[in-house]
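The structures come next, written out as structure tokens.
Shared between the two complexes below is subunit A, which has subunit B as its partner in the first and subunit C in the second.
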Partner chain A sequence: MDTLLNLWSTIESWMLAFPVVIYLVKIGILLGCVFAVVAYITLAERRLLGFYQSRLGPNRVGPLGLIQPVADGLKCFLKEDIVPLNSNPLLFRLAPVFAFFPPFAGFAVFTFALPWVMPNGRTYHYSVADVDLGVLFIMAISSLGIFGLILAGWSSGSKYPLFGSLRSASQMLAYEVPLTLSVISVVMMAGSFRLSDIVAAQQAYKFYFFIPCIIGFVVYFISSVAEMNRTPFDLPEGESEIIGFHTEYSGMRFAFFFVAEYANVVFISMLAPALFLGGYDIPFVNDLALYGAHPNIVSILGVCSYAAKSTIFALFVIWVRATFPRYRYDQLLKIGWLVLLPIALANLFVVAGIKLFLLK
Partner chain B sequence: MMMTVLLIIVGALIALFAIGVVSFKHPVASAVSLLVGFLLVGVFYLLYGAEFVAAVQVMVYAGGIMVLYLMGVLFTDNEWIHVTRQTHLQAWIGLVLILAFFAFFGHKLFHSEYPAIENVASQTVVQKENKAEEKLGYLKRETNPRSVSVKLFSDYLIPFEAASVLLTVAVVGGIFLAKKEV
Partner chain C sequence: MEAISKFIRMITFPELFKGMAVTAKYFFQRKVTEQYPDQKTILPYRTKGKLHVDIDKCISLCRFCEKVCPEGCIKVFPPPKELAKTDKRPVEFYINQEHCLHCGMCVDSCSTGAIHHSDEYELVVIDFKELLGDKETLPYDMIKKHYRWNYLENVPVKIKDSPLKEEEKSQ
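Right after this comes the complex of A and B.
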């Protein structure tokens, strides 16, 4: 034990000399975890959809089909990468990157638990960069994902992807507004854009924000399903029937869009608990009092609690996909502009009223 | 020193992409360089420590307005661009006028003193806090949304409202121009 601690303090002093190293290590761990989760959420979804539809789902590769994501990745990697003659080659190659980076960049501002305390008293935070404007950063970054779709559709140099991308662009524009408004109701309750502050506010109020912002939570759920392009709003993808923006893409570049979509699912399922469900707060326990006694136990339990909440949210998203049929395009836009937007605005007034008159 | 170098690099890139917007022949190329320009302006704000403005810049201009531009551009016909001339003889007069303009404002910028403005309105705003909020230390910070909005709705209320009137005028004017019959 002592030798381990000595080794650690050597590593620590070396890391403190180059603070960049700490960030690089944190980013590496975070990206590794996110990629693993993204790989296995595809498998979980396919197995669960099989279960809902009374069939088996992929169970051949490895025990219970657990190596299936690796097989999928290899298959996409080995396929021929085609760039259509009629396309704009630069933008055609750039578009998957535009779709790919926003969900992964957004993870940087998450905080996953109360800080870990080392035996020598130094604390380590479960976040890469817990910036003051975390929620605003997430909104700004995720509003850039839409360019991946538009540029992919246009640069393919073919009519159908172009129409597909126009459809998806107007869908994502329509649902980004209610999504942002529902998030703003949480920011109003907490009085801060920082994600760890929002969780701290939920701990201080002793209730989670989905209780005062229940309308906002529902709006958030519906519009984030639409932003993720999933059933019942999967018109941009329409995997088997509708021609979408990524029709001309093949092999690895198609996989980029696919991974980006599932990274978005993971991202939304990790953001929702922090905003509405208390984040790393352990339900029915006074975390802060316990943190004074055993910081590290609370840290570990906090990570588990966060993971459990986001897993439940992600399973709910998959369940919705298995349950509802797809909306028609005009219905989709009507729901966005004429139903969700007024409800989200009304929710702002309700939450402001609750904060002004009920919480004294 | 580092900061100055970064500012110069980012400023030069912004200027480069701004020139790209007006000089690219293809509308989508113009739009993409405008997008990169908007993002770089966000970086510029970040370098000056205005994180709030940077985030709003990226969210509103890059994420909102650029999407509408691109959607508009996608509907345009791409055949005519190869035959259209983009400059004419008046360009030379324009260049001279622009140089004169920048010389004049550069001179004014570097050779005049600006009085410090004292804002007192925000200091009189009383902030009420409820029981749970008294425990939360972060409400006192400068970048807090509460501090930002107190500033915005007291010291800078008139510019804020003037901007909203301007936007309304622009929207009404746009609808009026787009309609064939009124």
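Right after this comes the complex of A and C.
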């Protein structure tokens, strides 16, 4: 034990000499976890969709089909990479990257648990960069993802992908404003843009923000489904019927779009618990440290609680996908502007009233 | 008042929850997928699968099956006339199962019920020659080893009461 601690203190002194190392390690761990989760959420979705449709889903590769994501990745990796003659070659190659990076960049501002305390008293935070404008950063970075889709359709030099991009642009007009307004209500309740502050505020108030902002939560859910480009709002791609923006893509470039979509699902499913469901707070316990629990145990349980909440959210998203047919894009605009926007504005006033008069 | 109730319906989406209840019901139902190499389908009686011939029943000189076959994939070699007076069994019997349509006309035309469909449906082979059935491979004993073979007992009245069947019983 002593030798381990000595080893750790030498490593720590090196890391303190070069603080960038800490960030690199954190980014490595975070990206590894996110990639693993993204790989397995594709499998989870395919199997669960099978269950919802009275099928079994893919279960042949490995036990319960658990090696299926690896097989999918290998297949996409080995396929031919085609660049159409009509396309704009530079933008065509850049578009998957544009679609790919925003959800992964957004993970940087999450806080996954209370800080981990080392035996020598130094604390390590479960976050890469817990900036004080975290929510704004997330809003900005997740809106960037749409550029990838529009560029992909436009640079393909083919009309059907272009239609996909058009639908994607119109969809963005529909969902962005209600989404932001519903998040603003949470920010009003917490009084801070920092994600860890929002969770701390929910711990301090002893209730989760989906109770005062229940309308905002519904609006957030609907418009985040639109942001994830998933059924019933999967207008940009329309896997089965309407032809989507990534029609001309093949092999690894297509895999980039595919991974980006599921990374978005993970991203939104991680964001919603932090904003509305108390994040890493353990339900019905409020603060374990009050019961004399060791802070490290509290933080590990917090990570588990956060993971459970976001898993439930992601499963709900898959359930929604299994159920509903697709909306037309004029219908989506109608929902966005005539239903969700007024409701989100009303929710803003309701939450402001609660904050002003009920919680002093 | 109507406008208010319409607005409430608009923001609470009751129909959406009905739909989700339906899919949730399906989630817990028994799955219909049959995992083919592991679980083999139990086919109904009278499945028109691979043909088989009971060589002992065949009287070979009629060659009805050979004449009626639209694909011409059956070839019967009857014994020479002197032998045929005592033993009518074919010298050789070929069915090219690769070309067989499973139309069942040979089965209908057979006067002794010697030729039959089996419920063997796995006709995928590496070499087409494996599908060429001859006197050795056509009898259903070969198939019986691997497949449930009890539909003769369950075929309704007509064949059950046929004299051939009675004869078989008496033996």
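In this section, the second predicted complex is superposed on the first by the 353 of 360 C-alpha atoms of A that agree within 3 Å, B and C clash if a C-alpha of one lies under 4 Å from a C-alpha of the other, contacts with A are read in each partner's own complex, and residues count from 1 in each chain.
Keep this in mind: a residue touches a chain if its C-beta (ideal position, glycine included) is under 8 Å from a C-beta of that chain, and two chains touch if they have at least 3 such contacts.
Please read these numbers as outputs of a predicted model, since none were measured by experiment.
Colleague: Could you classify subunit B and subunit C on subunit A, in the superposed arrangement, as clash or fit?
Modeller: When both complexes are placed onto subunit A, subunit B and subunit C end up side by side without any clash.
Colleague: Report for A:72: first if it touches subunit B alone, second if subunit C alone, otherwise both or neither.
Modeller: Once the two structures are laid over each other on A, A:72 reaches no partner at all.
Colleague: Count the residues of subunit A touched by subunit B and by subunit C, then name the partner with the higher count.
Modeller: Between subunit B and subunit C, the winner on subunit A residue contacts is B.
Colleague: After the superposition on chain A, what is the angle at the C-alpha centre of subunit A formed with the C-alpha centres of subunit B and subunit C, rounded to the nearest 10 degrees?
Modeller: 140
Colleague: Is A:248 contacted by the first partner subunit B, the second partner subunit C, both or neither?
Modeller: It touches nothing on subunit B or subunit C.
Colleague: Is A:237 in contact with subunit B, with subunit C, with both, or with neither (first, second, both, neither)?
Modeller: neither
Colleague: For A:227, select first, second, both or neither according to whether it touches subunit B, subunit C, the two together, or no partner.
Modeller: In the superposition, A:227 contacts neither subunit B nor subunit C.
Colleague: Once the structures are superposed on A, label A:197 by its partner contacts, choosing first (subunit B), second (subunit C), both or neither.
Modeller: In the superposition, A:197 contacts subunit B only.
Colleague: For A:261, using the defined touch cut-off, is the partner it touches subunit B, subunit C, both, or neither? Pick first, second, both or neither.
Modeller: Neither: A:261 stays clear of subunit B and subunit C.
Colleague: Is A:187 touching anything from subunit B or subunit C once the two structures are fitted on A? First, second, both or neither.
Modeller: Only subunit B; A:187 stays clear of subunit C.
Colleague: On the overlay, how many Å separate the closest CA atoms of subunit B and subunit C?
Modeller: 27
Colleague: Using the touch definition from the top, list the residues of subunit A that touch subunit B in their complex.
Modeller: Contacts found on subunit A: 88, 91, 131-133, 136-137, 139-141, 143-144, 146-147, 150-151, 153-154, 162, 165-166, 169-170, 173, 176, 187, 191-194, 197, 200-201, 204-206, 355, 359-360.
Colleague: In the complex of these two chains, what residues of subunit B are touching subunit A?
Modeller: 28, 32, 35, 42, 51-52, 55-56, 58-59, 62-64, 66-68, 70-71, 74, 130-133, 135-136, 138-139, 141, 143-146
Colleague: In their complex, what parts of subunit A are in touch with subunit C?
Modeller: For subunit A paired with subunit C, touching residues are 48, 50-56, 215, 319-320, 322-324, 339, 343.
Colleague: Give every residue of subunit C touching subunit A within the complex, in rising order.
Modeller: Within the complex, subunit C touches subunit A at residues 10-11, 16, 19-20, 22-24, 26-27, 29-33, 35.
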